[in-house]
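Shared between the two complexes below is chain A, which pairs with chain B and chain C, respectively.
The block that comes next holds the complex of A and B.
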């Protein structure tokens, strides 16, 4: 390897600093321009495709627009319409339901991680296989659970028929369908939380655990007072990714029920898509207004995350 | 170690654990196993109502049928054509942004970094209408390039977060020493930092591969039709065509899931290192 380092790696070369001074403007100013050169391409792409569209969506939400013709000023009309739109209210409620129930993934992931945190033979394979659901696409997860829930022959239908005498076709029942989808979503999400906690458990300080053990701590008390405080970074990430996962839920709804039956399983992300880009019409302005509401909800969590990062950064 | 190692417990507990492990795994993967089994059942089994028993014979023909009767091969090819450029593009861009944000102190450094991080978490729907519009105007609607360009830009956010923190953890003396030797900034990036980033590059590559392969939303928004749609969107339309032909739906699902699963098993260590970034202090 002929790196520029190895060619001049002798200690005397370091003394001769300032010798190559005569390399012109670039050489003298490179440290001033280097940040721009390195951050430029990525930042530009991100600006065009992420940052600017956020603001454009906000402005589109103030118009009536079918996506092609002229835009007609609507003021806050789209937002006013939202509150009297029962489909929007149902979507919002479902999003809250998703958020609350999705949180179960965090303790469930911790539970499985504790269960698997042993050193018996073949445990690595077990860990990978438990993680499996996270690797496959949500589209496939959705199809798998649609099959699992299918009326007449689905496993769940048969089970409920055996137990209660009549089977439940969960995705066709407007009272249960959302729960069915959330349950499917929990499957990969638990796997994700599990892997976060497995890594966290791996890094728990053994001396503290031993010391606590000598003091007679075990079981729940040990978990609560000794282990969980050390797992705080893992818990933080698990909560963040779970909140984001819950608010981003789109794939499963689209695959499993397409928002049905009777719109009972719509969530904001899906309803927005439906309004702006489907056979229901091209109401871009109204769709953008829904997206802005979803964005505002997400922003609460994003700000919290950034705030914590900011504190960590400036403390150092 | 927590919990107490099973080896230190009674023999009964050890045996119970050894039994519980496979049982728990089978319950956990039951839906997947069901689909895998269904994908190998001849259509006649399903017609007879044999949904949960073993297949009467292994019908690998389902897989052949999926390839013969549907454009699934084209869908998979499209997925690769979107996924691989995205992987290369996002990782390359974020090597650079991560380097700049980790090494240089300049005004707005943290602000730029936080914009990358925050942008990475926004709901896709807030981007949907403008990004679709932009893609249409660029003449890239319903093209592989249009989809890949957006993915590259968006993934750069997450990748920058990862790369910046990774480079930040490298010993700063290395860079200082190189500067003292008169090595230019670009050479520092190329010869000093980049070789040390190999594990991060590997981790991000597998993660981005999986994310993009599994993307469904943007595939629906930016592409249409079998010529350009990746496998996730393809599977959705095939599911519509194959009403109640569960042996085909299952086989298609397994095929769609295979590439990221292989990637995961081959690159497991990197994959997990990437995902669990920040889970330990």
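The block that comes next holds the complex of A and C.
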């Protein structure tokens, strides 16, 4: 709307009229901009620290690069090498092992939660004791279990020696070492799942339980048909955190075995670190290729989770 | 993510350094000397240097020992200090080849270092040029518990056969003949290096670590055969793969093990455990083949000027100062290690004296497997050694794997 009148208006009037107009523009679009302003800083950080590095990693994985000198184009050479690299195959296998065995944390957490979900004197103390391993750092968990397994002075070593006559040093044996580390990892993970289920159990509708009881349900049938369906949100979160926890297992491997004995306990994240960043690793391109493979595996799960969440939201 | 971290670190470093560059005659030094003795040695060195050169102001950044190994790559290319410490041999090759270290041959020539630092010159030379200044080294050898030797009536061995005979006695008494902890891989390489140096000699060992010899060569196989004589009868502490080298030290201290093949830095650990000079002894690695000239392991620590250093003239002055005989005497006294300069004097410590005698009469000095071999080969090789120590029967598979790695890594 440009009328000849407004253009002939005095400058002061134009300013006087301009100010409320811009104010009005903000007011009209406030609802549209506010979310953007709130999301903005976080999104920017996410872009700088997550999204851009992902694409950088992908591009680095196509080069031979020692991290210092000139980058040399490798095409898919790094990926081709991965498939014939026995260390990579071992790492991949161990990652699968982690994924499968780590899932034990979900039912184990559930049963501890059900066990603790009662009103006895001092139950809060028991609950916090069970939750304790999740509170302490993974580094400490790793150290505790390293000593527990240690040859000569370790508790487990002494126990097996007493029972069978010769001690088992879990972390020195290529066949047991990975299981030993996963077991150590399960300790805090079970506590995490337990706390998720404990909060879930608080929200179980008592009237439904009452009704089921009147209909004669009890024990396993009660758990399976009445309680568990109500715990679905808790189960979902427990599975998500456990899958992610299994895939990013790095700290325990690094502390307990450093990938040893002779590379038997390496997982993808640790192998990537070794190749690209550790004392003897000068292969940024190869490390990046491992990271991309790990990312692809994670994406399978993460997209599954996101798809499920999206479906749940839209159904509502 | 690495990229990003680097640029952020770089930006931080640039802002700190530009604020310092205003001074005339500044010198920025990055070192990983975070342990008490090395830290004190460097503090002394820097104080002395500042006293001798009052116009130069030194800024010194100390890094955590492990973190330094990765940090150095970032600060060398993003924003370089004027001096860094590192290691000799192939360990410095990636930086030299990437053009990150400055050629300091002129410092060597002007100060006659080819004579005073002669023993370390080969390990500082790549492509006929010198890339840094060595300032300290230490011997490797077998540390033993004198009380245990006395108790079982074993005399200090001169030859491999005598050593093995002693092992048999210890085994019968339920004592580990020798102990080690190979969790960090490198302690296993000490064994391989010495067995190779004693079986095939210095030149062969250098050729092998330089990738010129096949790992499937019968001469390499011979080394592992000799090694198996120690491992198969169970003379080495079991489950060493789950132990750090410090975890195995108590075994020697408590007399549960008789010997420990280690570098001289381990003496401090043994003494902390309660051993005295009356109970802790040292002997050179026994002779296997008398026809092979005796060579020893003597890892050397060095300082270098990054190619992107801003105060090169001052840095070269510092290197010349570091190379001088009185200064090397002084800092090695604090470090408890050996000076490289042959005009320096060695501290009174009996282990140092013994080590000095042993090294100065040696036919050749190796740096250690992970400094003589390129990083990738070192990693694969040491993993193989660790596996061999647990499963000596897999020797052929291990050697085949190392040979495949050699073909891939050196080309």
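Keep this in mind: the second predicted complex is superposed on the first by the 277 of 316 C-alpha atoms of A that agree within 3 Å, B and C clash if a C-alpha of one lies under 4 Å from a C-alpha of the other, contacts with A are read in each partner's own complex, and residues count from 1 in each chain.
In this text, a residue touches a chain if its C-beta (ideal position, glycine included) is under 8 Å from a C-beta of that chain, and two chains touch if they have at least 3 such contacts.
Remember, predicted model here, so these are calculated numbers, not experimental data.
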Going by the contact rule set out at the top, does A:171 touch chain B (first), chain C (second), both, or neither?
second
Touching partner for A:274 - first (chain B), second (chain C), both, neither:
second
After the superposition on A, what does A:151 contact: first (chain B), second (chain C), both or neither?
second
With the two complexes superposed on chain A, say which partner A:283 touches: chain B (first), chain C (second), both, or neither.
second
With both structures superposed, pick whichever of chain B and chain C touches the larger number of chain A residues.
B
I'd like to know which partner A:239 touches here: chain B for first, chain C for second, both or neither.
neither
Examine A:209 and indicate which partner it touches, taking first as chain B and second as chain C; both and neither are also allowed.
first
Check the residue A:228 against both partner chains and state whether it touches chain B (first), chain C (second), both, or neither.
neither
After the superposition on A, what does A:101 contact: first (chain B), second (chain C), both or neither?
neither
For A:199, using the defined touch cut-off, is the partner it touches chain B, chain C, both, or neither? Pick first, second, both or neither.
first
Determine where on chain A the residues touched by chain B overlap those touched by chain C, and list them.
48-49, 52-53, 56-57, 60, 67, 276-277, 284
Could you list, by residue number, the parts of chain C that touch chain A in their complex?
1-4, 66, 69-70, 73, 76-77, 94-95, 97-100, 182-185, 238-243, 247, 251, 370, 375-376, 378-379, 383-384, 386-387, 390, 401
Contact set on chain B toward chain A in their complex
1-7, 17-18, 20-21, 24-25, 28-32, 34-35, 38, 49, 51-52, 93-94, 96-97, 99-101, 104, 106, 109-110, 112, 114-119, 121-134, 149-150, 152-154, 156-157, 160, 177-178, 180-187, 189, 191-192, 210, 213-214, 216-217, 220-221, 232, 235-236, 239, 246, 249-250, 253, 256-257, 260-261, 264-265, 268, 272, 275-276, 278-281
Which of the residues in chain A come into contact with chain C in the complex?
48-49, 52-53, 56-57, 60, 66-69, 86, 149-152, 169-172, 174, 257-258, 260-263, 274, 276-284
Give every residue of chain A touching chain B within the complex, in rising order.
3-5, 8-9, 13-14, 17, 19-20, 27, 30-31, 34-35, 37-39, 41-43, 45-46, 48-54, 56-57, 60, 67, 114-115, 117-120, 123, 126, 128-133, 135-140, 143-145, 147-148, 153, 155, 158, 187, 192, 195-197, 199-204, 206, 209, 213, 218, 222-223, 226-227, 233-234, 236-238, 244, 247-248, 250-251, 254-255, 268-269, 272-273, 276-277, 284, 287-288, 290-292, 294-295, 298, 301-302, 305-306, 309-310, 313
